[in-house]
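Shared between the two complexes below is chain A, which has chain B as its partner in the first and chain C in the second.
Take a look at the complex of A and B:
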């Protein structure tokens, strides 16, 4: 299955409580892993994880998470490589009137290359954003948790 | 009609409204000082953003169109209510000359329109409109404190 006809896999994930639009998710995966990659959905514990590969070569895994901003959930994607390093974070749906700057590339790129064991503290390793304090803290915490979960699942062999 | 003709219970209400509004307005100025240092370069950075590599502190991005709309409508409507209350208070003052009353009542509404027009012009046209925003907001704040003082003097005086 390539990214274009990946609708079933994407739809599975879209059934989660706060799911992103399938097209948005597919576009995000294409941006992070490159176009034309194959996407399969794996179910680990109660979560859905996307396994991304191309020509039988594993590119990495991705998962969608939700964190509460000031009032509304922020839906985000965390993508990791086969080496458990974070490839990128993407904000899939931002619903609040303020704080949407967490979707900007110059803020998100701070997460690239991080591992689950790395410290991710706002104001230290991760710079804050003026006017988006709540969203910055929420997304950072969400990324930390999802990165830890993906790493743990991968290391125990649940993702392969 | 002046404050002398107003029933005691309404005068008490007015005193509390003035006190709470002064605390609230002052708090909002402290917030603006915290975010912009109350200077045009700080205001420009807040609304137009700064390059991420220009500093090591919190990043500042340009305000989005939706944020600009939210800031504008919430402030315009809520501040209009504040100045309706202080304007009514000034209109009832016996010791303020009529000409001054009219100016004090009208000035904040004009300043509100100028300030928020300057904010949009600064964001999308030219950063130097931050100076107009600073000047207009300063005059508006000064008028608010003068209004509050005049009303308070009328309510607690003999």
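Take a look at the complex of A and C:
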């Protein structure tokens, strides 16, 4: 599905009731962008976007989102490069007893290199996980929305 | 402007109200259901349409770690005194305490984690209007018993998860020749704890693939002196394995189970039920999403599937019991599952019901709808 340009801010905060533990977020950014990068927090509309750079060269942006699994929020991170391609997805906090397989690298890596305009359908571009159907659909939709929001903000110059 | 070391400051910029919400209690409602139309061949088998299941899922998070989860089910739309059919029952009701990824402590009415359907039974998750016959007569879904257990991921092994429960036992007085251990379930209703039982599962998952191995072990005598008064008197040992594999537009699943009722002779003498001393079987299913070819742009699914089941609730019988070969069943089911969304399904299938005795063989046409949310 695609996102109307006006909507991203609302969507990505729709379930933003959960903040990740700082250490978990720091570790995730270090993993995606490499250690020692500089991180600045930018406020776009009502959302917080992390700008990651090293030695004055931009490495990319990241944002934290939440989607509802079966009964708990799933807190995830989407990181994009300066070219608006998705660098990686990370599951920062998973709270349910089932479906935690969405945190596996083998599943998350399917999103790498995707752009906001790319189709992300479970069962097609994104392989599903038996027994984790709800989480797979929720995270895929959440990633799609956050990727669209970051791309829209970047393209209209709100992120630079 | 700060480096990764200064994360406290960055987090301070996340609105405080959001962090406060994290501690708030939260109630979640969900559900699933299915309606079945069934038309069997043969005399005196008029077609029937039934609101087979209506289930409400209710969960409440007391904290991020402590969550109550339940499923309340109405079967056959209504119950009325003196009439057959209809049931209102709790399918699950337990309190989860999540300590770590590798340990959640679960207490309450739980699902023995055997086979595929018992734990994952929402109608859009399986092909065919009705659940496989195997998941009725061999693995008695929806099987739930009261107890306590633990579940989580196995640390250090990517993709490996476990569940293990100590629950009340089965009751041998409910066993039967044609449905095995099915009516020996107690389902949380003033259950006898004369025979504690253990059940558990190891599961290995990666995208597109899930492999599981499960067991149940427990006595069934319920203190009946004819069968023995020990905790593990008249034991039932169930071993099961299952696989789910998706590749491209194709998906496959298979389950096999073997149930040993080693004291079947004594149980048959005591209750005259001719329960088999071994109950065994399984099924294989293959499906193909034809929209993958016909409508590549679509995110909908139209799966054509075929499933073959073979099981025998009298795979072995104790000496003196005559084996009923009609219980060695062979079911072949072919049909379509149309899923406009991942959580809704319109189904139609045709089933050939056969057995080793060649008696009472017939075919069944089924149509159905199912949903989950």
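Worth a mention:
Going forward, the second predicted complex is superposed on the first by the 144 of 160 C-alpha atoms of A that agree within 3 Å, B and C clash if a C-alpha of one lies under 4 Å from a C-alpha of the other, contacts with A are read in each partner's own complex, and residues count from 1 in each chain.
Please note the rule applied: a contact is a pair of C-beta atoms (placed from the backbone, for glycine too) under 8 Å apart; a residue touches a chain by one contact, two chains touch by 3 or more.
Fair warning: this is a prediction, and the values are worked out from it, not measured in the lab.
Aligning the shared chain A places chain B and chain C in steric conflict. Of the two partner chains, chain C is the only one that A:137 touches; chain B does not reach it. Considering which of chain B and chain C touches more of chain A, the answer is C.
Using the contact criterion defined above for the overlaid structures, shared-chain residue A:124 touches chain C, although it does not reach chain B.
Once the two complexes are laid over each other on the shared chain, residue contacts for A:50 go to chain C alone; chain B is not touched.
Contact with chain C, but none with chain B, is seen for A:41 once the two complexes are overlaid on the shared chain.
When both complexes are overlaid on chain A, the residue A:101 reaches chain B and chain C alike.
Applying the stated contact rule after C-alpha superposition, one finds that A:23 touches chain C and leaves chain B untouched. The superposed model places chain B right into chain C at 238-246; the other stretches listed in 4-12, 238-246, 292-300 or 328-336 stay free of clashes. Overlaid on A, the two complexes show chain B and chain C touching the same residues of chain A, namely 97, 100-101, 104, 106-107, 127-131. The residues of chain B lying in touch with chain A in their complex are 35, 46, 52, 56-61, 63-64, 66-67, 70. Chain A makes touch with chain B in their complex at residues 97-98, 100-101, 104, 106-107, 127-131.
Residues of chain C that touch chain A in their complex: 1-4, 7-8, 10-11, 13-14, 18-19, 21-22, 24, 28, 30, 57, 59, 61, 64, 67, 69, 96, 98, 101, 104, 106, 119-120, 125, 151-153, 158-159, 161, 203, 205-210, 244, 246, 289, 292, 299, 301, 342-343. Contact residues on chain A toward chain C in their complex (touch as defined above): 16-19, 22-23, 25-26, 29-30, 35-41, 43, 48, 50, 68, 70-72, 94-95, 97, 100-101, 104-107, 110, 121-124, 127-133, 137.
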